[in-house]
Amino acid sequence: MAKVFDAAEVVKHTSADDCWVILYNTVYDVTEFLPSHPGGTKIILKLAGRDATEEYDPIHPPGTLEENLKPEAKLGTVDPATLPKPNAGETEKVKIAAEPPGMQSLLNLDEIEEVATKQMSKKGWAYYYSAADDLISKKLNNLVYKQILLRPRIFVDCTRCDTSTTLLGHKVGTPLYVSPSAMARLAHPHGEHGIAQGISQFGALQIVSNNASMTQAQIVDGSAPGQIFGWQIYVQNDRKKSEVQLARINKMSDKYKFICLTLDAPVPGKRELDEKAKDEPSSVSAAVTVGDSAKRPGGGGIGQQLFFGTASDLTWKTTLPWLAKNSPLPIVLKGLQTHEDAYLAMQYAPQVKAIILSNHGGRALDTAPPAVHTLLEIRKYCPEVFSRLEVWVDGGIKRGTDVVKALCLGARGVGIGRAALFGLGAGGTDGVRRTFEILQAEIEACMRLLGAEKIDDLGPKFINSRAVERDIYDGHPGLENVGMWAKANL
Amino acid sequence: MAKVFDAAEVVKHTSADDCWVILYNTVYDVTEFLPSHPGGTKIILKLAGRDATEEYDPIHPPGTLEENLKPEAKLGTVDPATLPKPNAGETEKVKIAAEPPGMQSLLNLDEIEEVATKQMSKKGWAYYYSAADDLISKKLNNLVYKQILLRPRIFVDCTRCDTSTTLLGHKVGTPLYVSPSAMARLAHPHGEHGIAQGISQFGALQIVSNNASMTQAQIVDGSAPGQIFGWQIYVQNDRKKSEVQLARINKMSDKYKFICLTLDAPVPGKRELDEKAKDEPSSVSAAVTVGDSAKRPGGGGIGQQLFFGTASDLTWKTTLPWLAKNSPLPIVLKGLQTHEDAYLAMQYAPQVKAIILSNHGGRALDTAPPAVHTLLEIRKYCPEVFSRLEVWVDGGIKRGTDVVKALCLGARGVGIGRAALFGLGAGGTDGVRRTFEILQAEIEACMRLLGAEKIDDLGPKFINSRAVERDIYDGHPGLENVGMWAKANL
Amino acid sequence: MAKVFDAAEVVKHTSADDCWVILYNTVYDVTEFLPSHPGGTKIILKLAGRDATEEYDPIHPPGTLEENLKPEAKLGTVDPATLPKPNAGETEKVKIAAEPPGMQSLLNLDEIEEVATKQMSKKGWAYYYSAADDLISKKLNNLVYKQILLRPRIFVDCTRCDTSTTLLGHKVGTPLYVSPSAMARLAHPHGEHGIAQGISQFGALQIVSNNASMTQAQIVDGSAPGQIFGWQIYVQNDRKKSEVQLARINKMSDKYKFICLTLDAPVPGKRELDEKAKDEPSSVSAAVTVGDSAKRPGGGGIGQQLFFGTASDLTWKTTLPWLAKNSPLPIVLKGLQTHEDAYLAMQYAPQVKAIILSNHGGRALDTAPPAVHTLLEIRKYCPEVFSRLEVWVDGGIKRGTDVVKALCLGARGVGIGRAALFGLGAGGTDGVRRTFEILQAEIEACMRLLGAEKIDDLGPKFINSRAVERDIYDGHPGLENVGMWAKANL
Amino acid sequence: MAKVFDAAEVVKHTSADDCWVILYNTVYDVTEFLPSHPGGTKIILKLAGRDATEEYDPIHPPGTLEENLKPEAKLGTVDPATLPKPNAGETEKVKIAAEPPGMQSLLNLDEIEEVATKQMSKKGWAYYYSAADDLISKKLNNLVYKQILLRPRIFVDCTRCDTSTTLLGHKVGTPLYVSPSAMARLAHPHGEHGIAQGISQFGALQIVSNNASMTQAQIVDGSAPGQIFGWQIYVQNDRKKSEVQLARINKMSDKYKFICLTLDAPVPGKRELDEKAKDEPSSVSAAVTVGDSAKRPGGGGIGQQLFFGTASDLTWKTTLPWLAKNSPLPIVLKGLQTHEDAYLAMQYAPQVKAIILSNHGGRALDTAPPAVHTLLEIRKYCPEVFSRLEVWVDGGIKRGTDVVKALCLGARGVGIGRAALFGLGAGGTDGVRRTFEILQAEIEACMRLLGAEKIDDLGPKFINSRAVERDIYDGHPGLENVGMWAKANL
């Protein structure tokens, strides 16, 4: 029979040499595990000696404890009566907000985000809302769609409207898909599974984050026939770990149809809002930078958890062959931001089947270009990419018209990240469903009003993107490339 | 002798199988009519069992009851003493606002709108003010005029100034006309007739909405000799209904000189402000989208009333011949937003005599182009349109200078929609008159200061539209059209 | 001996048939004069029967009564004891504002305007501050200077700096001059004479308004040796009146060196702020439009006073010869806003010696181009104008850098209007002096930092005006001129 | 033994003929020194007769008294008991602000500036924060970086990142350097020495101001091995003074490696914020202009102190040879704002080894171009400059991405001025260290996310600067140069 501890006993073990924590009423000795914690040692020490369930739960999928701790680390249970009463004013807690309004009363994504902002914990909100530096790319991602005008045609029979299409050869009900984003349970207990359920009726695809807060099996559990998923990988410095993960996905290829390799955040961006929220004991944060932690401003080690162990040495020549060896699934490369990289990616077809133009929701490098810029660059400099690869985009989608504009420019899939999470935060599965319901209705209304019946009907003739075209990269004609000047003789 | 009911008796009949309502102190059994109500069943059921006059009156022209109900549906009268007292704080009611200021004290259209906003019911205001999505097109409609600079010439005798012109060969006192807009009685009991009276002295033309709140005969009643009208048609799925309407207009061709076919809203735009106001029992609303009502966000059926039964399958090849068969009147096509459609319309002259460049006041598809863009497109790509068709524009007019700029770019008629309704809302017929008085004075001052005596003197030399020209559609030179890429071999 | 009236007696004569007013304690019968009052009949009737001195004084130069009334109109004097006590809270009165701060403590023109706004009467402020419609041109006049960047050169000896130049061959200490503006005594009792005194030490030129509130002789009284003036004419419908005025100026040609003919306001602009202030009994206002007064919105006759009798039929071919016949002085044409008119003006050299590019401070036609646009147009399309005529500009000057930029683009003189009046309003003669002191110091600092010693050194190489150049008129290349389309066969 | 004075005795000597002041408890007779005070006579007279230590200390390096006063000027000491008590509410005093937050909690430069604003005296803050006129150049300096987009490449091994480079052949740890800025002790007692210490661990270069508040020897005291400095010279009218200074620097060439000659402020700019703060008795201020002080608005003489005696007659042909004669150190020219001057500077290599593109932080001439404009101009018109001279830039740096963008465009060094001073103001040496820590971390994160390992890898391919390129000077094609028109025959 398991030993029962008083909280007062547990609280004595708070050093790096002797560190206990309480999780789900069980007492663990995590001393040995400390050095290998992906989030760093410090964050655990902050929680040492007390009940860390609230911080631990929403960001660790089930099985994490079992996978990482030896059986003998489990010391016993805690006597609940001895635990301190929760502080009524505790800011860390998920706010017991006023009951959210009925999802059907919400008319657009901004209203849903507003409700989510009230429902979610400050920390969770900060993590989702934040972006790099001054949020310039985040805002530009959306603004650039507003700068594109539509060109509706008249006298076209618009009785029928069909948003179905194919992604990687799979039939989907809509070009909209859910981008990979970490730890959905920070938004709502329904987590990634709630997202899967919410988008089910729309036939939409979902890419599951490498940092999901539920297991891959849990997420797809109960999904609709034909509903498909991709799995995002952040390659680990310890390649073996990644290989184990790939092997697990390979076995679920009835649901997981591709591997999405994220490339736009080999090191973490500087998300100050997120960083500000870090003082609350939590393992959610993004660091200012990698490298020598002594030089690292602000983070104090906490902020780097999610990136801990992530490889920053991926290359075209080494990573793709390694992936080929470890998974038969097609590869979708995420995070391309230049036509040059799109052109390079094309050389790796058919292993690479699609590319996602993305600046990581503005969360990696501030003033990185929005996907629309890259889309226009490709159209201008290497349109053949469109015939060799599927081109997907994400970032900044707020309206059905935004989706349609991306499709007109050649995108085949259009991802939403924060919008799905805010939908989840606002109302769990129902909130996600409402988010898609709104976007789908807006997409259909837009297509009808344009005079387009099918996704394939969409093309550049339906949009006027001059206001954006004049801002895309043009190779600096008339400016000599002096990148090498430093080698000249002074 | 008609039976007299207690209100308490009427209130028992509130189901879809047994539905009574009180209108103008008469009790009707509308059970049989329910399924064919253009606004849907739900909206009537919300009002079932009670006095619906206040909701019914401002949006149904006289004769509607007689046209739609069998004589036996009229059950008797209600004993007024048994009706509940009106709720003093009732929001649905037209506000008994402070007495409006004298119309002559108002100096511009913004001031008139401000007064109207205070005088009108919230619901009526929301319906007029609202536009699609984020109001981008609505705002751009106006902004684009502000971006055009004028080029006044000096040393020109400007003693005389004449704003008269012709529209479709009819002499008018001004190029300004009133655009078709639904249900003017929501603004003021004077309704569409009040508009007709208010513009009478200026010799201005008026296009009467298919959804007017008064009959076509009422509206033109007492109009000045030579005052002319057009009639707007929304073609119904049940073509017979439209044919009956056309036959009625044909008989009034002394006043109604043309048919205006609106094409820029084959399905309703998403007007969220209007949608927000819908919870108040009313049949005024715009739906998020058409189609499967189960998937329809927010609207719950109410929002689609005005579009209920409207055909979305109109085409160049089928609709124009059908119109020719049913009316000898010339056709004005409303809602063109591309030069391509202007070019197509030209092929249908002389049945089609004019086109109206319009994005439906920004109410249909957000980020659709303002009329000025389309005007500039036509000038650039197919200026021959101007010699084959009259080109009218609407949207965004706030100042006489706006009107003059449109005329300089080749517009022959310039429509105002909301401005006329807000004039009506501010002061009934007097408010409409003041609106036109201000605009006319501003147009004349502008022409004199430019050095133009007659409408025909106006031309592009009087304006500098570079700031707008660089934003118009240019066919994406340098961007390959990949609209068909999806069919290529992946 | 003059009769002495009780105020109670005077107040009985308030009709168009029998109208008395009290001015400077004298009682006049103005019945016969009523129909010929430039400001209209109504405005006098509003003041009939009472002491109108406060309204009359700041806007009529001395001698006006003598010039316009027969001797017998002077009935006698009023017994001051019988006059009503002035109302303490009277809004019409010049506010007894807090003592203004010392002029030397004010550092820029905005600060001076701020003080003037507090010191002046609301009506006077509204008259000066106001501009046409939405103030777009007024704001653009200033903004356009901010959009031009300077290009300072280094390693240039800037010990010396000389702002002197010549205007029409006359030596002046600075290219800055005072633009003609009406009724300076509305700002301060020092009036136009105060302006002349304030600018005296800078060797600056002043153009005296046709609507000055002091006589031409009063204004130049005590001016410095070599200080010169121009006189602005608004040609009257009754040319004889103008001829008398010209004859008077011709006799003062030791001081008045040229005639400035204002052409950018042949009819008044719509200055709503000014119009709003009109309800206070005053003859200061600007009308919405000319013509049929029954159609005139808002103004009710008051607003047109200053333009009453002003000719709107001036032309190149008739007006310049008439001027030549009536004055030997050179002509400066004010209000050109297109290169076409600059080119035309050049044909009339040498009678015409200079042109002033001006949109009347944004007060005539809103969205008319700023002078900088016209300057750039001339440089682009007919630079020979610069060698045949002097080109002066006004509008929007707030900083010495604005002045230098205009000079770099080819302007020879740079006028300030509101700035001089606000200087006067802030501190009378001292305020005007301070205004010029600041601008002169800023001009000098700018020239030194650019590396320019003399006015003639300035040129386009010192500025980067690309942000403005792309907005100037370009003749609509690619857009066919359809100004005449209406005559084509429909 | 030194005489001891009562404060009451000292206070009697306050005239230009008999002027005493108390400094560091010593009484001085400064009557003879008055006329030669660089800050002018007035400022001393304001402090005459009292203890001026608080005003004197932060802006005069030690040794100033000894250098400028004869021994007999030292009259004795003051009896501290007789001095008036400091006024508790004295605004002139450095605010005893709340204890500043820990530097590590500050995440970006804006937060540091915010803390500094609270910690510093109002006068010191105003001096640092202020810029010329309307702060347009100051704001543009920063905005222009935000308008440049980055172009991150993917699949690049970014494990390593090295920001080291060379400046003038000297190895430095970072391209970031500290720009010369006056009187650092106004920010914090650590002064310029605190800056040197704060940047030491980053291997950064520092340019010491000619108006430093500590001696050159004090500043470099205790600097790290290999840490290097430059010395800024403002050439004095009395060249002998400058020659003495140069001789002193020549002897410290183990630390001071070059002379930086500032050329963008031969006369002071108009910094109104600074001017506003001048009424407080202080010798810190900037004048509106130079020249005849009677005409000088506002300044009253105080504002010109720092520029007092500064030569405004420097030229390429005279100043560089003079410098060559007086120092063997290489020359860095600061303040170039046109490609023309960059091209000229190139002719003076190798004496001139680097140029600094700078508009003096927007403090000299408002609307002068940001360094990025000049960088683009050079790339466009004379890229050979980059191979003959090092090109450094300063102005507007707020983020590591700003630094990287400048480097991509060809800059070799990137200076920060206000940011270092605000770092100092926020937390002394620690604050400076934190400022560099943040910027360095941001630079590294940016380089990694771009896929650049070394400074030399950076080049234009990593940025999209179209939004800026279209605004740079282009020589006014199509606009004839009429700079000489005034000489033509009118």
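The chains carry the letters A, B, C and D, assigned in the order they are written, with residues numbered from 1 in each.
Criterion: contacts are C-beta pairs under 8 Å (C-beta built on N, C-alpha and C of every residue); 3 or more make two chains touch, one makes a residue touch a chain.
In this text, all values refer to a predicted model and were calculated from it rather than measured experimentally.
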Shared chain contacts [chain A and chain C, defined touch]: B, D
Turning angle required so that chain A lies on chain B, C-alpha fit (0 to 180°, nearest 5): 90
Same-site or different-site touching of chain A by its copy chain D, using the half cut: different
Between chain C and chain D, centroid-to-centroid distance (C-alpha), Å: 45
Distance between chain centroids, defined by C-alpha means - chain B, chain D (Å): 63
Residue numbers of chain D (touch at least two other chains): 470
Pairs of chains satisfying the touch condition: A-B, A-D, B-C, C-D
Interfacial residue positions of chain B with respect to chain C in the complex: 104-108, 146, 148-159, 161, 165, 169, 353, 376, 379-380, 383, 386-390, 399, 401, 408, 410, 412, 434, 437-438, 440-442, 444-446, 448-450, 455-461, 464-467, 469-470
Chain C residues touching chain B - in the complex, by the definition given at the top: 133-134, 136, 263-270, 272, 275-276, 288-291, 295-298, 300, 312-316, 319, 333, 335-338, 340-341, 344, 359, 364-369, 373, 470-474, 476, 478-490
